[in-house]
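Next come two complexes, and both contain chain A; in the first it sits with chain B, in the second with chain C.
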Partner chain A sequence: MSAPVLTEPAPPSAPSASKRSSWYGYLRQPTVALSVLVLLVMVLMAVFAPLIADEPSGAGPDVLQSPSGAHWFGTDDLGQDVFAQVVWGTRTSLVIGLAASLIALALGTTIGLAAAYFRPIDAVATVITDVMLALPTLPLMIMLAAVVSPSVVTLTLIIGFFAWPEVARLIRSQGLVISAMPYIDGARVLGATGWRIVTREILPAVVSLMIVSVLLTASRAVISEAGLSFLGLGDPDAWSWGRILLNAQRSGTIAIAWWQTLFPSLAILLLVLAATLAGMRFNDSRDPRRNGG
Partner chain B sequence: MLRFVLSRALKAVLTVWIAITSTFFLLRLLPGDPTTLMVEGDMTPEMQAALLKTYGLDRPLWEQYVSYLRELIQGNLGISFRQIQPVTDIILDRLPWTLLLAGSAFVLTIAVGIPIGVTAAVNRGKWLDRALQGFGISANALFVPSVAILLLVFFGAQLGWFPIGGAIDPDTRGLGAYLSLAHHLVLPVLSLVLVQLGPYALTLRTNMIEVLGEDYIRAAQARGLSARRRVWKHGLRNAILPALTLMGLQLGTLVGGAVLTETVFAYPGVGRLIYEAVGQQDYPVIQGAFIMLAVTVVFANALTDMLYAVLNPRIRL
Partner chain C sequence: MAVKGRWRLAVALGVVATLGVSGCGLNEDNNSSSGNSSSETVLRIGTTTDVSNFNPLQSLSKTDSWILNAMYPHLLRIDENAQKAPELAKEYRYEDDGKTAVFVLRDDFKWSDGKPVVADDVKFSAEKIMEYKLGNVAAKLTWVESVEAPDATTVKFKLSQPYAPFAEGVGFWMAVVPKHIFEPAGDLSKFANDSNWVGAGPFVLDSVTKGQRYVMKRNEHYPLAPGGKAAVSQVEYRVYPDVNTMMLALRNGDIDLMGTPVPISAAKTFEGDDKIKLEKVGALGFAHLTYNMKNKYLADQQVRQALSMAVDTKAIISAVLQGDGQQMAGPISPIFSEYDNTELQPYPFDPEGAKAKLSAAGYKDGNNDGFFDELSFGVACDQSNANITRVVQLFRESAAKAGIKLENECVERNTFLTRTKNGEYDIDASQWGVFDNPMDQLRSTYLSSNPGGINYNLLESAEMDALINDAAGTTDPEEFKTKIKNIDKVVHEQAYLTPLYVENFQFAYNASKFTGFVASPSDLLGMVTAYSLAQVTPVK
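And now, the complex of A and B:
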């Protein structure tokens, strides 16, 4: 699930001579192009969901039909179209994934940078980060989601709030390297305040790491949302890929209706894989050791 | 050695205390607090007040916290709302199953991950190495229930090789009971191992490649040690340490995965208990389950750290 795919951030690269060509080179890699394409299709599906399929609700006459021309992904035990459920579920997954990762990014970057530059904050921040990383995250999120009434907003807040420690750790380790660089000393000698140094000198140097973090955190957030929905803690008013799996689990149709579990599973796999690959390749593309300087 | 063990245990206790304290206050600050959850709509105000008093929820927050902590130290996690039974008893009933499941997955991941990681490192760039890299990256995208359902449908329902739910056949005795236990364990464990294996083997591979470039490996080669001995004895010993730390850090994820896979396979562990408690809004059970799982994970992590110290010749204790 949340495997640490990034054990070591790439060393800070010097300001690149031509930003456009590096983006072009990044996007020209086949895996990246494919990942970005998948992400684009998902976004379009989420935005135009009402045009693609009607929101599934109520019961239909075609119960537990296997995939056909009329129902591309088959139907569930209530006769609802699984394709429509997957399309509408894309909305929830993308919104929660993106919003939660932005919350995690804001918290993680603030805490990570503060810890990297201000010594006294570092001690406290490191203890809190370590404690949060040591705890089983899913049971923790389950406990909180069970108390508040689950909705897209509360799920986003809960997932975002527990995803920041990984971001903070990445940003802090990068920030520590940069804080020790001569130009930071130079800024200090010139009389820059701590606030100015952190926001104007260190922050720009970790921006590309932040882009990587958004993609990786979003993919973890999508998995978390699916897990919570699968356990019955999703938003009851919004379709979600985890909820489709839960419905199959509850109605006992797992062993019969393979289409009801396969398609939402593929959707999760594709989205998370695309986001992870795009993030990892982006991290690699910034690594001067691989680009020959 | 004793000093290291004590300080590591102290750190674990501190971690658990911080977790318990922060979640206690967080839960009571959240909009839907346990009082509103527990009190059914059709109760008279007098009945509500009496119920709150029984559970001590009418006292000031600080007093509640102190008594909660005092009870917790004595192993009292409160009373289940739905089954009138102490939460501690309910969870202790289920915990061994989760430990068996997660423990087997932990051991199997290491046992299978080591040969794969080492072989990939030695045959760098060959097909196994490439396959491992692809697998390691995509493992990040594997959703435990999806993997579990796939295994259940294919090996359980279609081929009928393994049972599709439960933990043991109640009619078996003696050796048969153990076999039935193992038989029921295969698919849930496999779904966890498939998710954990990739990153673990990949880390081991990276470490191994680094270690194989070290001077002492070249020195061993100069002394005429066989490639087999260099890799598996001298190299592995050093490559395994960071991989062990990774497994320690992944324990939380492993337990989270166990919660999900137990739900799919109706495996009677804490995870399935959480799923049932969520459905019944049995709030003390959910909170108790989190605390027990947190304690388990934090102390298991402390144990792997101690194991690391024992295995690492550079740390003298």
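And now, the complex of A and C:
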């Protein structure tokens, strides 16, 4: 997907300098710096989970201990370390969040761009997008997840499949603006095919929007995953934040073991907040009206 | 001094006056409230879900039965020692070499519309169950050729062959419904019975607000209550789908008793709360892993034995149940001590031994991933059962040590039930609710004809059928016990199932408001049997 951007015959020097400065300006905002830091830490936690904590397994004698030096986030009713569960949960949550949002992005961008450029497709695609947006997503996801056997893959597919309409709509509206621009007409006059115009001319113009959508969709996907896992529709063999919450709820320890619900909830909150903030600010920083350019 | 003294007097008088007035106020309040409570006491019980079927002949749900059993009497009940005790029936006996079971009824039970409960009601209930194959009782009436009610207090069941636990099974499970209300309804398999209830238990449903409350009014004639009627005037079931919320409601005084047991992990919730008392009862069922014999590899006795050796039941009991459970060896719960074959030893937890056994049986790890190539099974369980979910988690880890790859297939409850019904599982991890006698248990779990619908092994073994049918027709008690113990041994050697534990249940209630509960074993009965609710008295 990045190939077209690289091969774009854009004037090289000036934009790249301005690009670097805009990245710098973007990252210099304290909220952005913090958000990106949080996201980085989460990614590192997910990647290096085995180095940080052993995979939670078995049962231990320290049941329902409150947070302490030995167990930073306390222990659950089997004596497993909640910190380890949260760290390992980061993996599932991030993997599902990212993969689902990539699916949503691929579907959404394709449909959005096609709708924006090819008029006959637009009518159909818009109706489908509207129908998808009108569907009660959560009950549908619950039904689907209950029918297929729950695993990380099926969960990713389900969440990704239900998240594309927002992306499609966003990309389409931007694509409509772009495809009406004179340089697109120019390309057409030069004899470029529709495929070439969409992939080489319009797509690069919506890339920044796609980055924003990845972040926003991923954060929504994380919430969906946690929600489905909490409802018992997650992968029972993979640790996830929703599953930690489900364990606490099912064993009736919510009232006495606050640490079992607080920390995974905080993790969800942090991730979603960081991703949303980073996405919004990125969008702002790319907005010509704000940057005067 | 004098001024000061006068001031003091004034203050003192003022204080006395205030105290006096407020004292009177308090007394008055006390009087009025205690006056209310003697005539109008409401016992509020937490339940987890709505009643799905108000027809007591048909409903199979645990939470339904809490409410329905308080309305419709049974011939026998199970008392606090897991023994059958008289309820509507005063006594029962066999005649005609065990081919006729005779129940003698009490003559003082009355339906809430004033009509007496008579033998015709019992005959009607049994006949309708047979006619429409209703509920789980239909299978227990298999041998009945005819039911007779020669007088108002005698019911005779004529059997095609002697069946030792017939009277106990039918007596305990069969609800007795009012003939004069149910007969006009016609087809009882379609009768909803969802309004204008008439019952003969201590309480009868009066109004229902779906998703919220089930209000039951006292039946003014209930002979098993100490004063001829229950001391509590009203029982109200309130719906709390989440156990955490229910526990908080009990602590806050919104309910007085939790119908569901308190999860062991959550018992600490009530520590240091003087008002809340926990009552512990045993179980009438047990948790188990059952192997689907239709699976090519699970049909191999060596594999089932190896799996049994790969479950650390002791660790499960100490971790999941916090030590509050009993280990089992054979398929008969130790609560039926006369039938439990104590010579059997549980399979030892020995993953290495299990591995060696499988290697000896010819299973190989060709790709060297630490797992035997063919041995990969899914373990199905009900996601909402906290203990079993934990068990599956631990079982998966310990079986991996024995080279057996397990996949956790704990799913949402309805999906699980559908899969169980259709036999779509390799290993079934679940909990038998209530077995009231070993013979019925063996029949419903191992007969090829699957009369109880819970032959989760999907076992079709001519040998087991013969053993079970032979035992079922045995009338001599000693011979009967020997035969049961023999079946016990066969099941254990074949490792058709791996019994996990018999757990204890803890029920929490507000002891500062109510007392006198008579708890029976199991979470089906617990504190909310008709008999128990009839004995409850408000604390003065």
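We adopt the following convention: the second predicted complex is superposed on the first by the 276 of 293 C-alpha atoms of A that agree within 3 Å, B and C clash if a C-alpha of one lies under 4 Å from a C-alpha of the other, contacts with A are read in each partner's own complex, and residues count from 1 in each chain.
Just so we're on the same page, contacts are C-beta pairs under 8 Å (C-beta built on N, C-alpha and C of every residue); 3 or more make two chains touch, one makes a residue touch a chain.
The structure displayed is predicted, hence computed values, not measured ones.
Counting the residues of chain A touched by each of chain B and chain C gives the higher count for B. Of the two partner chains placed by superposition, only chain B is touched by A:Leu245; chain C is not. Touch criterion met: A:Gly79 reaches chain C, while chain B stays clear of it.
In the superposition on chain A, contact of A:Ser149 is made with both chain B and chain C. Residue contacts after overlaying the shared chain place A:Leu233 against chain B and chain C alike. Judged by the touch definition given at the top, the superposed model places A:Ile254 against both chain B and chain C.
Of the two partner chains, chain C is the only one touched by A:Val63; chain B is not. Once chain A of one complex is fitted onto chain A of the other, the partner contacts of A:Asp122 are absent, as it touches neither chain B nor chain C.
When both complexes are overlaid on chain A, the residue A:Thr276 reaches chain B alone and has no touch with chain C. In the three-chain superposition model, chain A touches both chain B and chain C at residues 146-147, 149, 231-233, 249, 254-255.
Those residues of chain A that touch chain C in the complex are listed here as 57-60, 63-64, 77-79, 146-147, 149-150, 231-233, 236-237, 247, 249-256.
On chain B, the positions that touch chain A within their shared complex are 15, 18-19, 23, 26-27, 30-34, 37, 137-146, 149-150, 152-153, 156-157, 164, 195-196, 198-199, 203, 246, 249-253, 255-257, 259-260, 263-264, 274-275, 277-279, 281, 283, 286-287, 289-290, 293-294, 297-298, 301.
Taken together, the chain A residues at the contact with chain B in this complex read 1-5, 7, 127, 130-131, 133-140, 142-144, 146-149, 219, 223, 226-227, 230-233, 242, 245, 248-249, 254-255, 258, 261, 264-265, 268-269, 272-273, 276-277, 280. By the touch criterion stated above, chain C contacts chain A in their complex at residues 242-244, 247-248, 262-263, 265-266, 268-269, 315, 318-320, 322, 383-384, 386, 389-390, 392-394, 396-397, 407-412, 414-415.
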